[in-house]
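Heads up, there are several structures right after this.
Same chain, two partners: chain A is paired with chain B first, then with chain C.
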Partner chain A sequence: MTAVASARPALRHRLAERGIDRTLLLLVPGLLVTACLFLYPFLYGLQLSFAPRQGGIFANYARFFGDPYLRDTIWTTLGIALPATFINVLASIPIAYVMRVRVRGKRLLTTILVVPITLGTVLTAQGLIMYGGPAGWLNKVLTVLGITDEPLPLIHNYTGVLLSLVITGFPFSFLLTLSYLSGIDPSLEKAAATLGANGVQRFRRITLPLLAPGLAITFCLSFVMAFSVFPSAQLVGDPANETRVISIAAYHAAFEEYDYSMGSAVAMLMAVVMLIVIGLVMAWRGTLYRGATGGKG
Partner chain B sequence: MTFEQLRLDGVSRSFGTANALSGLDLAIARGEFVALLGPSGCGKSTALNCLAGLLPLTGGSIWLDDARIDGQPPEQRGFGMVFQNYALFPHMSVRANVGFGLKMRKVARADARRRVDEALRLVQLTDHAAKFPAQLSGGQQQRVAIARAVVLEPPVVLMDEPLSNLDAKLRLEMRMEIRRLHQTLGLTTVYVTHDQEEALSLADRLVVLRDGTVQQIGTPEEVYAQPVNSYVASFMGYRNLLDVTVTGAAGSSVTVEGAGVRLSGRGSLAEGPAKVAIRPEDFVIGDAAENALDVTVEIVEYHGRELSISARLPSGVPVYFRTDKRLAPGDTTRIGIPAERVLVFEP
Partner chain C sequence: MSGWVARPGRWVVWAIVVFFFVNLAGVVLSVVVDSFGRQWFGTWLPDGFTTHWYADAWREFGLSDVLLTTAIVALVVIAVSVAVGVPAAYALARRSFPGKRLVMLLFVLPILIPPITYGIPLATVLYKFHLAGTTTGVILANLVPSVPFVVLTMTPFIEQIDPKIEAAARMSGARTVSVFTRILGPLLLPGILAASILVLVRTVGMFELTFLTAGPDSTTLVVALYNSVFAAGIRANQSVDAMATIYTASMLVLLLVALRFVNPTQLVTRIREET
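After this line comes the complex of A and B, so read on.
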């Protein structure tokens, strides 16, 4: 060893001090996939949306906001996605709350609740048509029992899409909520009980505040899934009117009018709306306590 | 709420077929400090959770004077509880944590504030009132937990190994603190621990448990000096436990043989197999009047003024003793022990 070398630690060690070492190579596959399958298509679509068939660079966006038939798809989509997300998140709280501890039949119930996630939207839509359609079991039974005179309009309208989004979206938000709830130390509720808090107070004062940041994340992820609804809006919805969601508008522009530029513009707007909603939810989350919840993960 | 006696009547709890606690009978007077002592899995925490109402009983009953309380949920029982992991509410300040119980009981705000201040002063945390639990050290967190439990002036305070997550120095300090609080407030306390030193130093009365059954109930002095069986003895620091045979008995003194030695000791047993229990610190070095043993020193641990020594009898059986004489591994020495310090139990 020369004097110079011993005075300065080896380059490898100095880099390691700054967190640069060979484990960084593990990032390469992920970064490659992200670059090829997300970054490139996204940037390509972005520039495409600014290269319309006619007019200036903002012509597509001007057309979207100038045409109520296009513009209103934003409200239509929000009108479906927001209620569906609220239903999914709110319904998963009580169920996850019961399931956070050991209960009889927990595994069976969890399996039943989670199965829809494996089915995919198309199969769910198919099932919904068979079950809830005008000639489906539900309406047959209701008619035979004399509860209704004519079949309930459950599909090919707003209700059908909402049902489909709840069926496919609920397991996801349930699993997320359950994992957030399991991360809260159960002795906190016990402590609250010994301090005189009843069940409702324990939930409101202890569990809910600690769960809220997790619910915000669950809400965002569920919302993104619901907002990009396409198959169910087509299959069990009313894609020409009531459930003409923004993804249908994008599909229409790109694959029926063959205007890829316009299709890209609609897709970009879709992303912007999602980011706005997520931004609002995350801003609210920022006001909450987000530290440790004492659980063991 | 005042009362004269908290009574546990055959309190049992089983999980499936396993009996975590079977038939615990115990009467606790107001103001008493009782320690439940035993190794993990002995049922001491189960007993505490049953008392708090966090775990339903599978048998027996709990009485506060003439009121049966084992059917009440924890929030109605109103016992204060201090948890092993503190269980402080992480999203609330120290002040809000301590005030939580008062808020639940709808105590008027001004009154609640005064009582919280008083409790924080008692545990010397006045300066930390606005902090959050994560900003406190372990000892401070445990003091918050204690303040939170005692601010309600509960009829009974339950403590579940409150010191086991602290380092040795802090544990000693907090032990003093708990003793001081008990002396100041006089709150009836049930304290669960696996540390016999903690139990002996804090409690007015000890309950030694093993596999869910009571082994001995008594004052620290009784349990320390007169353990009822070899299990309690081993837990109380009688580190030398030898398998022997009783060869002669006269009144309360017996002669035993085993491990290649012959000892006279205290106990009332007929001839037959027995177990001898001796504390390491009861041995004396040199030619003793009674019970002389020749041993070879094997391991020497430095404990300040004293050495803790592991030695072997000629028969190869290990013997542990303490001495202030500087011995080294390989030394042979003669040690002795007065007969009244040699306890003989049924095996």
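After this line comes the complex of A and C, so read on.
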């Protein structure tokens, strides 16, 4: 009797010392929601993808890689997502570099940059069709200025999707890059300047190496967004051929052919391709300097 | 000003920024101008202005129902994700325990993985339970990124509240309930407000998950907009644009409200804390 009484508080005490006490019960609802609505569907989808309508357990995957119309969606998607991500990240660096110090209108600029993120892909696509179309303002200006004779084919093709990904994706990667850059202690750069480094040297030898890990994260997040392109590929692209991205193939299988098993298989392949690219970027990041950046970040 | 002349790189940078903004304005204004235009074929501006496309759009697309659904979905998602997310964030901020990294990973994944990837299996599961196509299904789907989002935004916010304040309240004889309602509640309110607004913006703009799970009676504004573009065959493009303008305007209002409370970079992500 006494032994039980003395053992129980001791166990509670021991657990509490490791940080396990009743406070952790507060985590339960959140974990439950995420487990039921995220983890379970994901695992269910994984299981479903190995239970095809006909054929053996790998039939869906065999069909995907056997059918060029399906298989090529991977390359189509990478062909859109990778250039878009590179444009967004590479354009963000110089602009964020100029903006990292207090510049007049910085707040206004970041505010306007948030607009395309909230507009979302649907409105951007609709706007692009109007603006970049054959009779849109952009082609009118180009014609008036004598830059082109005929309207440029900017919509319902590859270019349209790329433009829409840049419009929605650039502000995202810019704001991320800016927040990483502002996390680098400015006194490091000042020290380099004192030692006689010029602007280019300071950027190449001090800022860029410190920024690179952050850029890797920015690249991954931007890539993930671009890779899952769906509405813009449908609306402003050529969803039957040139911009038939993998998400369209997944949607088509699941909700137009009602083959949930195949749809899940394509969704899983989408996740795998994404993870491979992220894995490569993160492996590259692992080779970089990963210490403190000296600032708040 | 001499610094400007000395650094031509800056001019290039500013030129790119201006070019981006001019085109962005063009994209948004094309839609807005067209929605007010009577007819617009190949000229610089429409040949007359009217507001009747808005009335048309309102009628044709059943916008009052759509807006009601959007509001219900957004409010329920905010309420549930705050109710579920804030306690979890409190536990994560105040305790370190074995397996914490795993819990964090579970909360980061739904934000990292794009909605269309897990949306398809999720919609399949919701169909299995006959929840797809209902407002409940749309709400459940939108909770997936929202709950982790609240957890991840609130955890650093709670971390910066000094635990000594709670301890002092307890020393002075406050019970757990009054510590939460009288001490933590008021301190957490600004953070909860910011997180709610961000969830609101994200839920109203969330296309993929709503698109995959919504039925005819449970579409939100952004999905109705997408559907109207595809069903536009017989309809005037202007009424689609009128709807797009309504969507833009409501998003801009939400955005302006949001920016009063939060830093623009927060709208993008708070992943930084975990990496």
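Methods note: the second predicted complex is superposed on the first by the 276 of 297 C-alpha atoms of A that agree within 3 Å, B and C clash if a C-alpha of one lies under 4 Å from a C-alpha of the other, contacts with A are read in each partner's own complex, and residues count from 1 in each chain.
One rule holds for everything that comes next: a contact is a pair of C-beta atoms (placed from the backbone, for glycine too) under 8 Å apart; a residue touches a chain by one contact, two chains touch by 3 or more.
Keep in mind the model is a prediction, meaning the values are calculated, not measured.
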Task: Combined model on chain A: chain C and chain B, fit or clash - done: fit
Open item on the list: By residue count, which of the two partners contacts chain A more extensively, chain B or chain C?
Closed with: C
- [ ] Treating the CA centre of chain A as the corner point, state the angle out to chain B and chain C, nearest 10°.
- [x] 90
Task: Which of chain B and chain C A:L11 touches, first, second, both or neither - done: neither
TODO: Using the superposition on chain A described above, determine whether A:I217 touches chain B (first), chain C (second), both, or neither.
DONE: second
Open item on the list: In the overlaid three-chain picture, which partner chain does A:L123 touch, first (chain B) or second (chain C), both, or neither?
Closed with: second
- [ ] In the overlay, answer first, second, both or neither for which of chain B and chain C A:I147 touches.
- [x] neither
- [ ] Please indicate which partner A:A240 is in contact with in the superposed arrangement: first for chain B, second for chain C, both, or neither.
- [x] neither
Task: chain B and chain C, minimum CA distance [Å, superposed model] - done: 11
- [ ] Provide the residue numbers of chain C that touch chain A in the complex, in ascending order.
- [x] 7, 9-10, 12-14, 16-17, 20-21, 23-24, 26-28, 30-31, 34, 41-42, 44, 80, 83-85, 87-88, 90-92, 94-98, 100, 103, 106-107, 109-110, 112-118, 120-125, 127, 140-141, 143-144, 147-148, 151, 201, 205, 207-208, 211-212, 222, 225-226, 229-230, 240-241, 244, 247-248, 251-252, 254-255, 259, 264-265, 267-269, 271-272, 275
- [ ] Would you mind writing out the residues of chain A in touch with chain B in their complex?
- [x] 185, 187-188, 190-198, 201, 205-206, 209-210, 289, 291-294
- [ ] Mind listing the chain A positions that touch chain C in their complex?
- [x] 18-21, 23-27, 29-31, 33-35, 37-42, 44-46, 48, 91, 94-95, 98, 109-128, 130-132, 135-138, 140, 167, 170, 172, 175-176, 178-180, 199, 217, 221, 224-225, 227-228, 230-231, 234-235, 247, 250-251, 254-255, 260, 263-264, 266-267, 270-271, 274, 297
Task: Residue ranges of chain B touching chain A (in the complex, touch as defined) - done: 52-54, 73-75, 77-81, 83, 85, 87-91, 100-101, 104-105, 132, 134, 148-149, 152, 158
